[in-house]
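Labels run A, B, C and D following the written order; every chain starts at residue 1.
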């Protein structure tokens, strides 16, 4: 375990720093014969990238993916898919102010402690830019499993919550607004809130909900590699994530068994689905749904104290980029990681 | 990934069904030369086992661990530690009523679908009895890392929440009451609530909080094997867990960056610790704390509809065992899994 | 990687010292629904165990396997199969003479150096007794893949070589003599040679050849986990193995391409099979065959210098057990490891 | 296990087809703070590449490595090192003759069977060009372990064997001749032999010997991940390898225990070293040495029958590239894989 791979049979390994030459990765284990829709991959990339709207950072990242192997005549060959995403914005001087400074609630300090020094440019490896590679791998995983529908959306921005159950939402509206909230009224309020936060030079957290449909019964490997345990790990590995719950989640902990149990229909489906589509760590064929909590981005445009590497506390003001609410951009990343987890289990559990 | 191993260098593999001959496991990678305190292991086992008090199930499980290898003259040898926990209660007829029936919100149905048939006695492999092996492995992990302090406790039972921050709690009181809540007033209310649930033949969920202290800076392997991602996976792999959050958790998603950022002291510690002791997936030396949500146990003493394997809905009433609130017994399991995760990272990150 | 597991989806983990309470292991990932032939497992165990004939050690090891989980009503359940093999001969005083002494060409010295101390009784973990657990796992793997035929046999004992190509041998005669050489004339000469070695109080090495038939096309995962690379690793992990070659092997290195290339028949089979059933690391449907070299057992009944843990050279004479030629007993171990490797690839490569 | 990664803590994942856009890989787990000698990496690359001399293929492969991440200000950062090696020679028409044809003893047939189709250009993923990525990873591993000396050399070409023990060879002469045989007389004869083979349009196999010095005691993880088992797997994963032996190897199987045992000196070193520096799977501090057998390259300039994908046998003549003896070029690849194995164990076994 060196930390930069996920998966067993659908195995994704990524590399790349925020301001290095390029990001990229290797998808090992993708089955052969999949006719790739490269436009669909680009769509996912554009959903993740900064600068999509007024409420997200305006930094330009033309995330053009170059595939280097594992694809021949438009189809996957079964051999590893290597890809790179060149970084076009490598100006080191943008980040000279953090060279010797540890920004609060960033990974600067721990990287220096762990590795002795760090690529200080823009967060280096700990930058969320790293997730671009995940989106590529997830986009291909989605194409490997076209029958499975994965829809993530923003269900909270700061104190504003969308309480509507997912069953009553129209997922086709997720992309209709910059917040990626399928409920237009809530979306408008959230957007207004984010604009206000932006003016303050501040940031705010939020929650991404995700629904996975048409999953076959049987995915998951108890007792340690339960389906929801892997989903949880995958989500928690995304930058800024602080919590994961599936099915009834934390609110389920307040319930009684008589309320929480999902009674069966004769066909094996259940009348309710507080289980969240997973029982005993194995998919039961019902919708899988979960929620992922994101903290506010640490880089704010206000002045805050930072620590320099000589032990001095010095005030620092965020420069350049400002992403008041990263949560809308996290939507495709959540979907990507879900797709990767499912692809891996799909390969593992269709065996024999 | 066949599902029943956890860890890379401190690697725990378990086996065993609820009513088979024995449970057990192999701890591979435990360093040599640790003088084992067998009594301490038994204490952990007794904390997990049923029948400890009036508020938990009265089923007797004399969880006597037999160590079969990897220990010589009282010390670990560095070779794999094999152990078994014989099942003394193997009467199959206790469970004849569930042979052909799928209990709601149990894993009966998915096991039958996934594997074609199942050991139906008492939940088989999906029984929480499996966690006994984890407690053994965790107890040894704790002894490997005596400098690290791990304290878990019950912070919610159903709707009753202990809101006191962990810093104000006296962990030495955790074992002073059957609920394992260190705040005695809250403990009394929780206990009363559980007694009431018990009378109803119902069950209730809850939350276990966990605090880990004295962790060195540098544990964790970004970008996928972040320390909190592994902690999350480990917790989510415990039976009945529905959610995991660390540091500010879900409530952090409601905050602004200006509120959430942990400002530094000159020595690298932070004034606040909403990060929960982990930044960028790497321990920063501050206390690690997290919360784990447990759903109510599915087996209730009330009559509920179940599904038989011919597609008929038939009423079923829980028999024999009744564990109205499993959460107090989950406390040592949460600690065990935390210890296993830390032991693994400790070995991985002390390299070179 | 803590060292005591093999495999990814058919994953075998073992534990146990030569003179501890028991050996054992966990087979994780065995598919469900296999009706186990326990007698066949015992047959494999009896092939491995000492004391089968006058030419092998007379130490008695009644290797009775106790299965503790993963089997219900005679069939595998898909959950981990835990098993133990109790050690009935645990008298520590047998080995007092090696407590502080490092026997030449044994692992005593490196274990003490690596782990600080060791279970010195009978070799501890480094004893070949450990392979008993592998034979259990291999016997079950064989039953999982009844269509695949695995036949190993002794092709060399010391300087005596059986040169006959495997195609001309009658595998049904392997078990007809204590040497496990299917050519009766060679077997007689080998047996005579071993008897002579025995009288000298010496030991001798040899070679086990193995032929695997009816393997489907497509097993193996280039570029690192090639089928022959995994077979090689599995064989080299067996005690006393010094070399592995498959197909043309070392002699192939002396050949020209024009001689070595296997020309095709129209059906995709090949006229010759110097490739040994594997091309580019993937099975091609032809017979897989390989050879495994075993060094002579280090324990001899002659007096040799040993090193004590204070740095003194002291003469030592082997006591008790004498296994003049371990190679016949290695035959079932080679088959077991081959079966484990195939079972793992079978599960991995039948995916999607 | 998707096949294209090697290692646990020093983990190398590669991608790339012979005539795709680029080869490359990710080295995950390389410790931070290593000042890379890029020239040394280029030297290793140039040792592997074709066209070095008249006796190897004249195809030009300007293997310029581009490092994309994990290096900052000339030093490794501890984050994954991504790199690519662009393919400058991608003309597909060179290989039109093998599009529908399976060359004998190539992987064409099994790739088509396993994956349904293949990138037929120049062997695609099964081309030895893939090993370029291994050489990069090995060159960095060597720099991580400067104290360990790894020297490989050609000890056999076809029927011509260098019998001199490695202790009597001058490793500084390995690079003094195109055969990479440190004995100049043998080198001259081998070179003459290869020239003759070249004239015949044929190819020939050979053996690479490797000696590793200054390895600390204690590397290796019994019982499955023994040091020599991992070395064996790593070597067998190299294209065209048919056999591996270490220490006494196959010839050790002919010996008696009284001859084979390595007697100790008072300091723990041994008088002889038939063990090959490894006992019980753990390095004992003595020189590690092993031999790797390579078959002759399958592509010959003579006419041979091939199979087309419609089941017709058709004559085919090799075109363009001709590598009469690949063994000299295999020397740096053997060293690279040895370095990778050692780097991995070094990180694993220096723990706690």
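Please note the rule applied: contacts are C-beta pairs under 8 Å (C-beta built on N, C-alpha and C of every residue); 3 or more make two chains touch, one makes a residue touch a chain.
Note that this is a predicted model, so its numbers are computed, not measured.
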Using residue numbers, check each pair in B-C, C-D or A-C against A-B and return the one sharing over half of the contact pairs. C-D
Give the label of the chain whose average Cα location is farthest from that of chain C. A
So using the touch definition from the top, which pair is joined by more C-beta contacts, A-D or C-D? C-D
Quick one: chain A and chain D, Cα centre-to-centre, how many Å? 39
Chain B-chain D separation of Cα centroids, rounded to whole Å: 46
Using mean CA coordinates as chain centres, what's the gap between chain C and chain D in Å? 27
Two or more other chains touching the same residue: where does that happen in chain C? 1-5, 8-9, 14, 114, 125, 348
Show which residues of chain A lie in contact with chain B when the two form their complex. 1-6, 8, 14, 102, 104-107, 109-111, 113-114, 125-126, 130, 156, 158-159, 197, 200, 202-207, 217-218, 220-226, 228-230, 232-234, 236-237, 239, 242-250, 252-268, 270, 274-276, 279-284, 291, 293-300, 302, 304-307, 311-313, 348-349
If you look only at chain A, which of its residues touch chain C in the complex? 8-9, 31, 346-348, 350-352
Where on chain A does chain D make contact in their complex? 1-5, 7-11, 13-17, 20-26, 28-29, 32-33, 66-70, 72, 75, 77-82, 84, 114-119, 124-125
